[in-house]
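Presented below are the structures under discussion, each in the form of structure tokens.
What follows is subunit A paired twice: with subunit B in the first complex and subunit C in the second.
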Partner chain A sequence: MVSAEEPFLRIEGVSKSFGTFQAVKDVTLTVGKGEIFSLLGGSGCGKTTLLRMLAGFEEPTAGRIFLDGRDLAGVPPWDRPIHMMFQSYAIFPHMTVEANVAYGLKHEHGMDKAARAERVAAMLDLVQLTDFAKRKSHQISGGQRQRVALARALARQPKLLLLDEPLAALDKKLREHTQFELMSIQQRTGVTFIVVTHDQEEAMTLSDRIAVMDRGEVKQVGSPTDIYEYPVSRFVAGFIGSVNAFEATVLGHDGPHLRLEVPALGGAVLARDPLGVVVGQKIGLAVRPEKIRISKDRPEGVNVVAGQVKDLAYFGKDSLYRIAMPGGALVQAHAVNSSRGDEGVGVADWDDAVWLSFDPSAAIVLVD
Partner chain B sequence: MNRRPVFLITVLCFGFAFFYIPILSMIVYSFNASRLATVWGGFSTRWYVSLLSNDQVINALVLSLKIAFVSASVATILGTMAGITLARFTKFRGRMVFSGLVTAPLVMPEVITGISSLIFFIILADWIGWPGQRGFTTITLAHITFSMVFVTIIVQSRMLQMDRTIEEAAMDLGSRPWQVMKDITLPVISPAIVSGWLLAFTISLDDVVITSFTTGPGSTTLPLLIWSKVKLGVTPDINALATLMVVTVGIGVVAAGIILNRAERRRLIEERMAHERDG
Partner chain C sequence: MSGGRLSRWFDRKGWTALLIGAPYLWLVLFFLLPFLIVVAMSVATKTPTAPPFSFGGEHPVVNLDAYGRVLTDGLYLRAFLTSITNALVAMILCLLIGYPMALGLTRVSKGWRNILLMLVILPFWTSFLLRVYAWMGMMGRNSWFNGLLTDSWNFLVPLDWAVRSVPMMHTNFAVVLVMVYTYLPFMILPLYASLERLDPVLDEAAMDLGSRPWQVFRDVTLPQSIPGIVAGGMLVFIPAAGELVIPSLVGNASSPMIGRLISDEFSSARDWPMASAVAVVLLVLMVVPTMLYSHFQAKSEGSK
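And now, the complex of A and B:
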């Protein structure tokens, strides 16, 4: 989708300072046409500031932004082919749903009255609000307000749609439904979406690609799978999903693998070699809980450690175990409750002595 | 909850009595047939009839309404601009001075404002020959200067409560700042502007002190007329005039209250219904 010579949206070395506080630090990103791209991070990570710079409400202190080859420096918000869906939805309270959606179209001077009415009707149809056209904002529900905001932002057919925490104001049940609706509307309209969110699950399900941000910097950009399975830093590994993180020292290379000394696990383990690490280097080791197997009997193979069940949480379809290592560290492991035997549902019970094992490919070496 | 707060109810009754018995007695005595304001001489509406045929009173009323209308309108325009400026522009050179100057009339004794306005008009007439005669123009100008601050404060506080993202949303959808002001900001704060106008109108309508300093021959407003008549003794036609004013204001306040209350109730019901649709 991204053309080789010029990406659709190019953010080049963009920084933003407010006084002495640097909200965004030297961010460089490219987004392809028709992509759903998420900026993911905790509060104060600079994602909203970056979004506001795209919308034109803030000017970058340094760096440039290009959309479709056009430099956006100095272009005011009202002249940008970029529309935004605000976190609060920002519905105009004194106008009907219909008038809200039609508002941006009054600046489309080439459009006659009939064409405008037709576009508004099409937009209301897209978000299934045709029956609510004449209502005002206080007469519609939160979910409907979100759809009005979406229809209003899409009405002028922007090149880029910015969504600031699009689902944060909705309750959990509605959120899941709306997530899929957003994706289907994006596919039907083909508009490039940039979503700001603090919710990693939301980012994972919605996005084609995610940029994980922390303290104004982009830590990693990649597909949801990349970010989850191949995090490049301790921060990203810890931010997305849950993870068991250990400190480790490189002992040596062992074929395609790396041999590591991990004191918390009481010995040496094998991990995927990320290349470029040297013997004696201190690194981080991360293993996802669902990639650790639990068994009563000692399994064959490498990366096998003994422990004792300290705690377990039963969720129905699966259980989360906390296993105490001989060294005192706690390791989390997820197990699907596939059997329903006489000896209880899970693989192990409180205080059981168990064996943990994981493949070398599941062990992620984190240099940063 | 059977224990009645006797003390509280007593205090409340005394409070209300203190406020309303004078007004009630005035209304009762406006129907007094006697020429003496404090001696009951039987029921009559003759003072109302004589009031309506009194050109002096009618002229004063018309002048008061004209001044109140013009000064409230100008004060609303200026006050709205000042309120928006103070709410929106949190940093500009001289903001403290500007804010202080705008709100000064609020704490300035009326006598001071009145005297300084009078001196100002006299000096101005000396220098540029305008305003030649004190009257409608000078009263209106003086009223604008001291009623503007009320509009400013009402508009400023409404602006501070307003959700700024709706203005950003309008800008984002292609509107320039002046279009945002016209399409979004002003309509949203319009209730505050209307109540600012009403307040400025009321304040202008019943002002005595500043008006008496800035008025000239032949320009007697209603409060000035009442004031000068009372100096010669309270006559029943003044009671009748005051009763008419109380009744008019009372009807206005009650009607506005009922309308606002109904609108608010309907709004709450609609909001609840809208919310239930999600659940």
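And now, the complex of A and C:
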């Protein structure tokens, strides 16, 4: 990802304060051309402020933003080759769908009437709204409004498209469908997308890369797999998916692994060595529920712990178990219901004594 | 028994009918009925009796002489023209002054907004007549206000054009000035109500798509505030066109406005049919454009 040449979008040490409140703290990011890049975080994490600085609605208090080699400092929103799809879609209610899509094009002075009409028709075709061209925003559905907003933002062929919670206003079923539509439109147009979202699933499916943000800071940047499988901090591990987190102390290095003392699991555990930790250091240990195996008989290998099923939730294709450790801690484990034996579908039942095991590679050491 | 009957009488339909009926009853009693009396008077014949008109007998039942005079006598036509011109000028000035004020009200913080809104309404707390008299004092030849205007005029123009004082009282200028002052809140409040409803995100969207602030105003704010402009315009234009007090106090007696004429015909000339005919024509002139507007408004709402 990192190359010697100038990246397409470079955010360099950008901060933004409102009075004494620091909304964005020293964010540095690069985004490649044609990428779908997500800013993921809860409300108030600064993701929207960062997006508004890219659009030009806010000026950074410190730091600089370069797009395609051009410093955007002091460039007003109307002069930026960056367009935004607003969370509420912001469709002009007094104009037809067609006029909405054509709105930005009137600032394209080199374009004649026929070319504009052609572009509008192409955009409406792209989002499959040709039949609705003459309608007004109150005459179309929420999903259609989202597509009008997308077509309008793409009509001027921006270098960068900002999407503020693009799917939050849609119902669940429409959201999944629209997600794939967004991805396919991005592939066809090749425009770089920056998506702000609080929905980790949405970020995981949509994005090439994700920046996880918390309290104005970027906590981790990486591909969805990186973020999920190799979280670097307790915050990221907890924010993306569910996780079992334990406090641990480093006992020593053991070949490619790290040996940890984990009181909650009642003993020593082998984990993936993140390098750079020292013996005696207090760290966090995280194991995803689906990485924990449950069995009635004691399995061979390392990282095996005994426990008792306290609670189980049956979801059909899989079940979620809550297992009490001897020390009192509860561990969540996800198991796929692959067999349909005569003794019930699941691996274990309430109050059964079971063995839990996980690979050292599935045990993530969290330093931060 | 009777309680049951009473509650049946007050069933939901009965209440609904009452709720809808009461305003209609009010309108019929205090608007339609008096208006019909005025219409009837307008076709009566003037007599030296009390009341000073009569129908039938030696006179025709329907006498259209008054309407004939309204349409042919230059005095009435000029008065209508003066009224409509003054009211239009006042309306346009109110719009030009009121629009930035209303827009400003939507852009300030909530605390300031309440204070400023109260300042807009505040003049209503003092007597209207008192405020007109205050203007009369200010416009008079010897007032500090006139003196200030006179001095600045004399400072700016060549010596030949110098004046002793600016003639303001008893001119159409004075009428328009006081009407603008009086009716400005009626323009600001509906404008504010329609501007306040607009979503500021739409402004950002237009800006994001390449529009400079003035283009955002032209393309997004202005078109969406048209209902407010029309409402404010009508609230200023209609009473201003029929205004009696302001032209009587500060206006030019030799080119009267229509309200003044109606009052004069009624009281000094004791020609009630004539006064009624002028009033009916004025009402028709005001009502027809209003009805046309609401017709088209309803049509565009219906298409929504």
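Just so it is clear, the second predicted complex is superposed on the first by the 365 of 368 C-alpha atoms of A that agree within 3 Å, B and C clash if a C-alpha of one lies under 4 Å from a C-alpha of the other, contacts with A are read in each partner's own complex, and residues count from 1 in each chain.
Rule of thumb we're sticking to: a residue touches a chain if its C-beta (ideal position, glycine included) is under 8 Å from a C-beta of that chain, and two chains touch if they have at least 3 such contacts.
Owing to the predicted nature of the structure, the values given are computational and were not obtained by experimental measurement.
Visitor: After lining both complexes up on subunit A, report clash or fit for subunit B versus subunit C.
Guide: clash
Visitor: Once the structures are superposed on A, label A:94 by its partner contacts, choosing first (subunit B), second (subunit C), both or neither.
Guide: both
Visitor: Of the partners subunit B and subunit C, which touch A:174 in the superposed model: first, second, both, neither?
Guide: Only subunit B is touched by A:174; subunit C is not.
Visitor: Report the partner of subunit A that touches more of its residues: subunit B or subunit C.
Guide: When the residues of subunit A touched by each partner are counted, B comes out ahead.
Visitor: Does the superposition put A:141 against subunit B (first), subunit C (second), both, or neither?
Guide: Touch partner of A:141: subunit B, not subunit C.
Visitor: Would you tell me the residues on subunit A in contact with subunit B in one complex that are also in contact with subunit C in the other?
Guide: 55-57, 76-79, 82-84, 86, 88, 90, 92-94, 103-104, 107, 138-139, 152-153, 156
Visitor: Show which residues of subunit C lie in contact with subunit A when the two form their complex.
Guide: Result: residues 199, 201-202, 204-212, 219-220, 223-224, 304 of subunit C touch subunit A.
Visitor: Which residues, counting only subunit A, touch subunit B once they are in their complex?
Guide: 55-57, 76-79, 82-84, 86-88, 90-94, 103-104, 106-107, 138-144, 152-153, 156, 171, 174
Visitor: What does subunit A use to touch subunit C in their complex?
Guide: 55-57, 76-79, 82-84, 86, 88, 90, 92-94, 103-104, 107, 136, 138-139, 152-153, 156
Visitor: Across the complex, what residues on subunit B touch subunit A?
Guide: Touching subunit A: residues 163, 165-166, 168-176, 183-184, 187-188, 267, 270-271, 273-278 of subunit B.
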